[in-house]
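Take a look at the structures below.
In what comes next, chain A is part of two complexes: it sits with chain B in the first one and with chain C in the second one.
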Partner chain A sequence: MAVDESGQAFTHPLYNVMAQLPGVSLGLTTADQLLTWGASNSLFVFPMATSCCGIEFMAAACGRFDLDQMGTIARGTPRQCDVMVIAGTITVKMAPRVKKLWDQMPEPKWAIAMGSCAISGDFYRDIYSVVPGVDTFMPVDVYVPGCPPNPDQLFAGMRRLQEKIRMRRNGEWTEPELRPETFGFKSPNLPRIGDPRREASLDEAQLDAVINLDPGGGLRRPDPKGSL
Partner chain B sequence: MTVPDDVTRLLAERFGLESGDPITVSRDRVVELGGALKEAGFTYLVYVACAHYPATDAEPDRTVAEYRVRRLPVDEVAFRVWVPTGESTPTLVPVFAGCDWQEREQFDLVGTIFAGHPDLRRIMLPEDWEGHPLRRDYDIATRHHPWR
Partner chain C sequence: MDPENYDPEGDLMILNLGPQHPSTHGVFRVKLWLDGEVCIKAVPYPGYLHRGVEKLCEKLSYVMITPIVDKNDYVSPFINELAINMAFEALNAVETPRRANYLRTLGAEMQRVGSHLLWLGTFGLDMGGALGGGASVFMHCFRERELILDCFELWTGSRFHYNTLTVGGNRHDVPAGFAELVRQTYTLIGQRADEYDAMLVDNAIFRARTKGVGTVDAKLAMELGVSGPILRASGIDWDLRRDRPYAAYNEVKLDVPVRYEGDCFARYEVRMAELRESIRIVLDLIDGIPEGPICALKPVKLPGAYKGKVGQAYAAVEGPRGELGTWVIADGTDKPYRCKIRPPSYHAVSLIPYLAPGNNVSDIVVTLGSLDPILGEVDR
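Let's turn to the complex of A and B:
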């Protein structure tokens, strides 16, 4: 059984025919395992490092800890990357940019929320300009808690992601992961991605904001209140 | 920091102002004072800072803009202007070019309006933001759809 991008199990019609032929099923299984092994061991990361957690990410990527040893090489463009590591506080102004970069990454892709700021906004979550968790606008696969998480914890997160990729490819993991509800928010509690209470209009509004983002800065839409 | 003697003299003779840290100056003379200080050697602008003061019995709702300038290596002078809400203070960009982005930032966060500023747009918050968040009357739970 294979699993598509949305986590649904599917079987190609040819698969059943081919699986009857001698030796084919063995070959398919082996190829699938080989692909999964390759995918989980060459995770190119896109470091979305916006604040102090970014420094810890850099420490993890440097000689003493050496993130490269598990095939996670940092690239500067979303188009070459498999994993986005969101390391730092995401502000309201940054959020559409992060979502745009996420949308530019090719499938299959995964996201790691590193640090309490990316997970829930941390102690900035009630500040006027901070997004209360990146999973309010993009799906997150692994949460790495800490303020900041030290490099070992990031390594544990990467290992967890590798494990999760293998389990998903083997069809052992189908349900989306939801982080526990955070209580005591003063800020608006946006339903997270994958939450049944989340309305489609919110997704549409976020996508609309991303599409209307002007690369030169500013909005393409005319300012409703005029300048000043 | 003590105000240097030549600045105290300049303030008394030309502006009729008391020296102090900071010096309080009226809105119609702030550009002149900035120019005079620059001529006296204070060429380095350290910061522009604003704060909001809600209305009291004695005073209307107002903001204060403070400029701090430095004469290298040691002398520093700060001067401030009071700006009632809804009115503006002249910009100091023609005197200190470094004021440009700092005044934009103060406009963005506190809402002080600098008249004659070449490009008074928001600099830190998103372009479609409403209100000025560092004002005392700003509601911290204001929503910014669709991100929070």
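Let's turn to the complex of A and C:
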């Protein structure tokens, strides 16, 4: 599970199968190490690239920087991926799609918010159509600040994620990432996930509001006539 | 078959291309009615990247708007800055110095090469496996684009989103040794562009998939307000750099490539010819930049210290995708009253309902790639 605030240890669905077999539990430690080693060194990325940061993500995946060197390959479908990189501004119209794609990714999964628009909305945060940070509707593991961050900084973020996965395996406490605030004197418009002030109904209410605002939304009940 | 009164259980199938699809170059949704694999009807749905830039421009002062418009067309930020600052200068009747004009022309042409390289790479990627793995053109083009970003990083301190132009001129002068770096870089890119051209045009699959696909009629293009390489590939000889010269373009020799077929291959040919032409302009300009000041106005310390005049002005530049215009209405305060941005990509994507019917889905992807839309600019 990728949520920092839950405090749960890193688990893999294979464990449940293995733990039921007789005599296998002794070998679980080795298998755990093996799975963690594999998970942290072949992080397939689902690029949720919407704008400028998507171009920098493409540059990071290409020749000079070569994201493949850490076992990271960008795939076009969420079902084959471990990490979602949210690169770019997420609007109110796009947010239900991002949430849907995030829910389609198999566990274990992690999320990286790349760029100040994905982190906090940046200077678009007070605009009516922009979500003030993706952590208002989904969990985020690593924040990579910048507008847009250089490919080097994305590499640092990927390394930090690998480090967190390994630390979680060893049972060490990983500090929840602090959200880098663009304007230090402003508080977020909505309480973040893990904030005790945040009510559980807020996520659903926000998502509902987003869906109702969207005239052509994919989550809406399909019109039987199929009109435009 | 009638797409309006279709039977959901019958033959027609609805396919949503996007909003998250690698070939849509961003977040863009096209709803396709398919009969087998042939498209009957297509309706584009923009707005997934609507960031309210025009509203934001009304809240910010003149000198603070430049970094905002960088993010509209994030593949060619320099030309965005040029368009909006030219509108502010026209509004306030500010004359930019000659050196600033030359530097702006140089930067715009350098940026155009980078933008066309990114288009070429993603266009090769849209072709998928047809080009020997598909990603090879993409990788090669990004290798060259990094060299261009290096030049800009040396000049302005940023890979993109430069914030280098301001009302009245430029902020950053070119550093020492810049001319030599640019000459080496663009000579190299010119040589490699020939290689890519040979690699693509000599490929029979590339020609088969682009020739005769997505033909744009010149009359339709003019009715929809399409401009730039799409219009020139349809046989209309119109280029703002030559016909309404701005910055230093009236002192630059410029050939405008025109093709008459209007299909994806003609658009490819026009963009490759423009890429070579821009490289030639950069190499011509880099030695002849005149000396002098780079900004006509004294730099303002406070953002609100610069007050605009009352009135309205329109300024347009020829971006890599066509006419990028800005219309400003000012009421005499430090902020514009209204700031309308006319993006070329918005008019390009309005061609899709006319181009898609009768084509296969794979051809629609190629057509969409050849239009080169940037969704940050479509939705603003």
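Assorted remarks:
Here is the rule we go by: the second predicted complex is superposed on the first by the 165 of 228 C-alpha atoms of A that agree within 3 Å, B and C clash if a C-alpha of one lies under 4 Å from a C-alpha of the other, contacts with A are read in each partner's own complex, and residues count from 1 in each chain.
In this text, a residue touches a chain if its C-beta (ideal position, glycine included) is under 8 Å from a C-beta of that chain, and two chains touch if they have at least 3 such contacts.
Because the structure is a prediction, the values reported are computed rather than measured.
In the overlay built on the shared chain, the residue A:93 is in contact with chain B and with chain C. When both complexes are overlaid on chain A, the residue A:196 reaches neither chain B nor chain C. When the two structures are aligned on the shared chain, A:13 is found in touch with neither chain B nor chain C. Once the two complexes are overlaid on the shared chain, A:22 sits clear of chain B and of chain C alike. By the document's definition of touching, of the two partners only chain C reaches A:62; chain B does not. In the overlay built on the shared chain, the residue A:127 is in contact with chain B and with chain C. When chain B and chain C are set side by side, the one touching more residues of chain A is C. Applying the stated touch rule to the two superposed structures, the overlap between the chain B and chain C interfaces on chain A comprises residues 93, 127-130, 218, 224, 228. Residue ranges of chain C in contact with chain A, taken from their complex: 6, 8, 14, 16, 19-22, 26-27, 29, 31, 43, 45, 47-52, 55-56, 68, 71, 74-75, 118, 138-140, 142-143, 145-146, 149, 159-161, 375-376. Those residues of chain A that touch chain C in the complex are listed here as 48-52, 54-56, 58-59, 62-64, 76, 88-89, 91, 93-94, 97, 101, 123-124, 127-130, 147-148, 150, 216, 218, 224, 226, 228. Interface of chain A with chain B (complex): residues 92-93, 95-96, 126-132, 136-137, 186-188, 190, 202, 205-206, 209, 218-219, 223-225, 227-228. Chain B makes touch with chain A in their complex at residues 113, 120-121, 124-130, 133, 138, 140-148.
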